[in-house]
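The two complexes that follow have chain A in common; it is paired with chain B in the first and with chain C in the second.
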Partner chain A sequence: MWSSNARLYESQKIAVKYFTVAVALFGAQLLFGLIAAIQYLYPSFLFNTLDFSIARMVHINALVVWLLYAMIGSVYWLMPEETGIDVVGAKLANLAFYVLTAAVAVVVVVYIFVQVGPGNEMTTWLITEGREYIEAPRWADIGIVVVVLIFLGNVYATVIKAQKRTGIMTVLMADLLALAGLYLCGMFYTSNISVDQYWWWWVIHLWVEATWEVFVACVGGYMLMKTLGANRQVVEMWLWIEVAMMFGSGILGLGHHYFWIGTPEYWWEIGALFSALEPVPLVGLFVHVLYDWGKERGKGNNIKNTPAFAWLTVETFGNFLGAGVWGFMHTLPQINLYTHGTQWPAAHGHLAFFGAYAAILIGMFYMAVQGKHGIKEMRMSTATKWSISLITGGVLIMTVSLTLSAYVQTMVERGQFGATWEGYFISQAQVWFVQGLGWRLAAGLAVFVGFVLLVYDLITIAKKQKAVAAEAEAEAVPA
Partner chain B sequence: MENKPTSVWTSNRFWSRSAGWVTGVAAVLLILLTFDTMAQITMGTAEDVENKVTKRVPSPIVINYKITYEMDQRRGHEVPIIGGNDGNGKSLFQEKEKFFGRDDWTEEEAMELVNLGKLTVQAKNCMDCHTLLGNGAYYAPDLTKAWLDPAWGPEGPMQAMTGASSKEEAMATFLQNPDKYPTHERMMPNLGITAEEAKGVVAFLKHMSTIDTNGFPRNFGKIKGAVYVE
Partner chain C sequence: MEYFMQDIPPGDFLPIFVSSAFVIIFGMAYAGFFTFVKIKVLPKYYIYVAYLSWFMLAACMYYLGTLLRVEPYTEKVLMGAMVGYLIFPHAVFFILQRLHEEFEPDSKN
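Up next, the complex of A and B:
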């Protein structure tokens, strides 16, 4: 994808590898999402061959894994620039990359071709753990832990060797340790489903609503400095404020998952209060990005990488709308009692994962393309504009469609029919519900076309920029 | 600006220390609450049932009892009632109900069944279509109170369809060959569930219906036109 990489640090070459696999997994996520979306409308599609449960499992697992790949890649990319030195254990990091990628490939092949196993612990060790988002079998869990330990060791050793620690690296070191440690909470079996889900949320919630949010704040800070030349002091001050707000609200915001799983009633108040605060740091992030932009633009500085900056802007709006607004809409227990377990969380999840994480990490792909080719100022191409519009517009339409379907399901299944089997299927057959799913599929196809353009753009944009630069130079000479 | 912040509000040191304190306090609170919650959601024992002590997650031995989901006036929502209601929304642990022909499952046997059910639910990826306690995918009905669903009751369609004479047998028959008993165009695939595994899953579902979910789902099976009344 990226031809010459002589000017890169070893760490950044590793980053490029992680980014490449991330893009491939992103494609797999969309493909299996399309299959699942088709099955909602035409249930006989691939029935008893690749059932909805399998398509959906690959869809959400590919999502989580490509985001993690892109996150690890982002750290390997920005670390040498933040510390001023290359990664300490490049060979080990490379080995870890290949081990992880081989393991991911085996897990996916088993998911698709073996699918399910007998009801015993062996299945959870070898085939699937059957726990949403972290279905990966136990052997893969252990492999992931080893690979992440190598990654963490590299980050810590590099920063220690550099004897220079920026605010961004300090936050990242603490955040990555928490992110890795939390994964352990999902690595055990219990026959008590309430206890099971209690700890399962420690992984899922404390990842996506705490540690991942802080992670993207670090990456966002780095991108602001690189693309706008934003002042480090200002960026890091806001980063610390965001850490305080994000962890201050997100850690106890965990309570909004403890309303109905058998846990005591006091989680109603705790969950409601803290999760209502969760959008606050997102508003802060939103405001300060726009503020910085205006301020720095005023000095006549050009944006150094407009595709990356455009994706960062999508992230700001997407995170605020998807995680903040769509999350808050159904987070209070009085409302959640009726929306929990309907298409509501699906609508919220699509915009939140895309807005908060996918968008900014796509921005990092463009940062890597720019760095790899040594382009001083990278401009959007036609393909950049089309892909960003199709993907973002597609996810927005998808979210709104799912929200409308969710309304119908909530009103009919939960309000009118009391959540029974019959009520469920009556809600699924409502015209408006089905229409919403139709629009979702159409929007999903648009996202997929946008993805194809994104891949094309990532491959070709550097060449085009160089051609434009050469032309400008040739024109400048005679004058 | 780098070396002389004009006020505390623009001092990175102030904000980094604040971030540390806020995070620390939130984490400590979460850990303290976790200790309390764990104590409350640990599975109860056969002794609790004998002493008529209601637990949020009772002993699996409750599969020997009749389960209902009734309004608790004091709490303002429905709660699981095990073995009859004392009139004030408290379980009496008296009224038994045969489960696969027996109402004398020992705690050990019941635990074995529920455990097999839980393992099967994981091994077959049930949560990637269904929701359990409201979590999972939204392609198929929520199973939190599936045991109490009128569709499986004496007046629901499922017993007649599967030719079974009890709720648990109807459920177990369906689970083993779901594609033989389609209720809607959206069908459950055949997941190779064995007779023993099916029995386990039904025990697991019956046990799950006794978990105190703070009134979720609301009005389950109570609304006219969608329910049978015993």
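Up next, the complex of A and C:
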């Protein structure tokens, strides 16, 4: 996939490995998502071979794991450029990569071939802990902590050793510490499900509503500088505003879910208010991108990597739509009482995860392709345009379809039948509900085709660029 | 006074989803038009569209609060947040402008 002809830091070579596995896991996520989408409409599909619960589990865990792979890869990619030196413990980083990849492979194989256990300590240790999004068995949990500690140690040691420390790296150091530390909250195990869920909450919700948002702000800042030539001081100043607002609105905004775990009512109002403020940093980022674009346009400052910039643009709008519009539509406590557990969170989650995180990290894949092949200005190919259109359009249609299904479900199951089992089954049989899931499946197929084109593009785009450049050079030489 | 979350009639679901989506859309429109005018992509009079968007945003937020039957104190806080949001793009643009001038003295954009 990656032919070498440009000089890279060891850190960036490790990043390429992480990106490669991330792409493979992205494919697995989509494949298992498709299987689950088919099973929703045709429940007998792969019944007793690969049940819906397992397909869904692999779908959402692969999502989290590929995003984490791509995040680690992104840090290893940008760190030497930000610090001016190579990673301190390259050998250890390589070892951690192989250990993590082997562990992920074993966990996925167990999910697919073993699937369930007797529901005792053995199951928790060897098969799954049963915590949505972070279902790794206990042994893998501990292994992940070790691998992340190696990663954190490398980042901190490298930055401390380096003579320069940029704002991006400083924010990243703080953010990664919080990101890694939060994972520990998901390792508690109590027999009281409310207490257990309380701790689980902190992992996935503070990841996505605070630390991951800050992370993509750092990566977005780096990409803005690399693709648009944005001023570092401006990017970093905005980064600090983003950090302050995201930590404030993200952490307090979590209160909008708290009525499910029995916290005092004032938390609902605090959560409602601050969750309403969550889109504000996103709007700020949008203002920033437009400001820089307006400032630089017409000055011959070409975009250095149009595929990466295109994905960054998808991220800006996808984040706004998915996390902002779709999030705000159903997360205020008064309405979440009716929407929680329906297809609403699925609609919101698909667009928010894609818009906020997947898009920008795909952009980083293209940054790595450019750096790996030493291309000064990388242009979009036909495959780039088709893959962006199919993946983005597919996710948007999927989100709208799920929203229509969710609306029917909320009205019938929650509004008319008061969250009863009878209401649940009646809502599932509604024609609009079923049609929505049909469109979701069709959109999912489009996304998968887009993914195949994305992989093809990542493999071939550099070669094509070189061929075009060579042709242009040959034409420029006088006969 | 203790306040309990009120039941929402099914008939209010659609207006709630639509008005909450418009809160974000008008919020984006306000920041977007404001920025386009400031970076001279749009003529100056489009600033009125920006402020109209903000007005619509505040109206949608108020309507949403009514539909959700939020307590009176929260209603006031939400309106206060809308005033804050009116100021927010001005503050961000001011800071970015000063920063550009500081680090790029020839920049008078």
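Miscellaneous remarks
We take it that the second predicted complex is superposed on the first by the 475 of 479 C-alpha atoms of A that agree within 3 Å, B and C clash if a C-alpha of one lies under 4 Å from a C-alpha of the other, contacts with A are read in each partner's own complex, and residues count from 1 in each chain.
In the analysis below, contacts are C-beta pairs under 8 Å (C-beta built on N, C-alpha and C of every residue); 3 or more make two chains touch, one makes a residue touch a chain.
All of these numbers come straight from a predicted model, not from anything done at the bench.
In the superposed model, A:116 lies in contact with chain B only, and not with chain C. Looking at the shared chain after the overlay, A:231 reaches both chain B and chain C.
Contacts of A:84 after superposition on the shared chain: neither chain B nor chain C is touched.
In the superposition on chain A, A:337 makes contact with both chain B and chain C.
Judged by the touch definition given at the top, the superposed model places A:320 against chain C, while chain B stays out of reach. Touch criterion not met for A:374: it reaches neither chain B nor chain C.
Touch counts on chain A: comparing chain C and chain B, the chain ahead is B.
Residue contacts after overlaying the shared chain place A:132 against chain B, while chain C stays out of touching range. The contact surfaces that chain B and chain C form on chain A in the two complexes overlap at residues 231, 233-234, 237, 241, 259, 265, 268, 337-338, 416.
Residues of chain C touching chain A in their complex: 3-6, 8-10, 13-14, 16-17, 20-21, 23-25, 27-28, 31-32, 34-36, 38-41, 61, 64, 68-71, 73-74, 77-78, 81, 85, 88-89, 92-93, 95-96, 99-100, 102-104, 107, 109.
Those residues of chain B that touch chain A in the shared complex are 1-2, 10-12, 15-16, 18-19, 22-23, 26-27, 29-30, 33-34, 36-38, 40-43, 56-57, 111, 114-129, 131-142, 144-146, 149-152, 179, 183-187, 189-194, 197, 200, 208, 211-223, 225-227.
For chain A in complex with chain B, the residues that touch the partner chain are 36, 39-40, 43-44, 47-48, 51-54, 56-57, 115-121, 123-124, 127-132, 135, 167, 170, 189, 191-198, 231, 233-234, 236-237, 240-241, 243-245, 247-248, 251-252, 254, 257-268, 270, 337-338, 340-343, 345-346, 409, 414, 416-426, 428.
Residues 231, 233-234, 237-238, 241, 259, 265, 268-269, 272-273, 276-277, 279-280, 283-284, 286-288, 290-291, 293-295, 320, 324-325, 328-330, 332-335, 337-338, 407, 410-411, 415-416 of chain A touch chain C in their complex.
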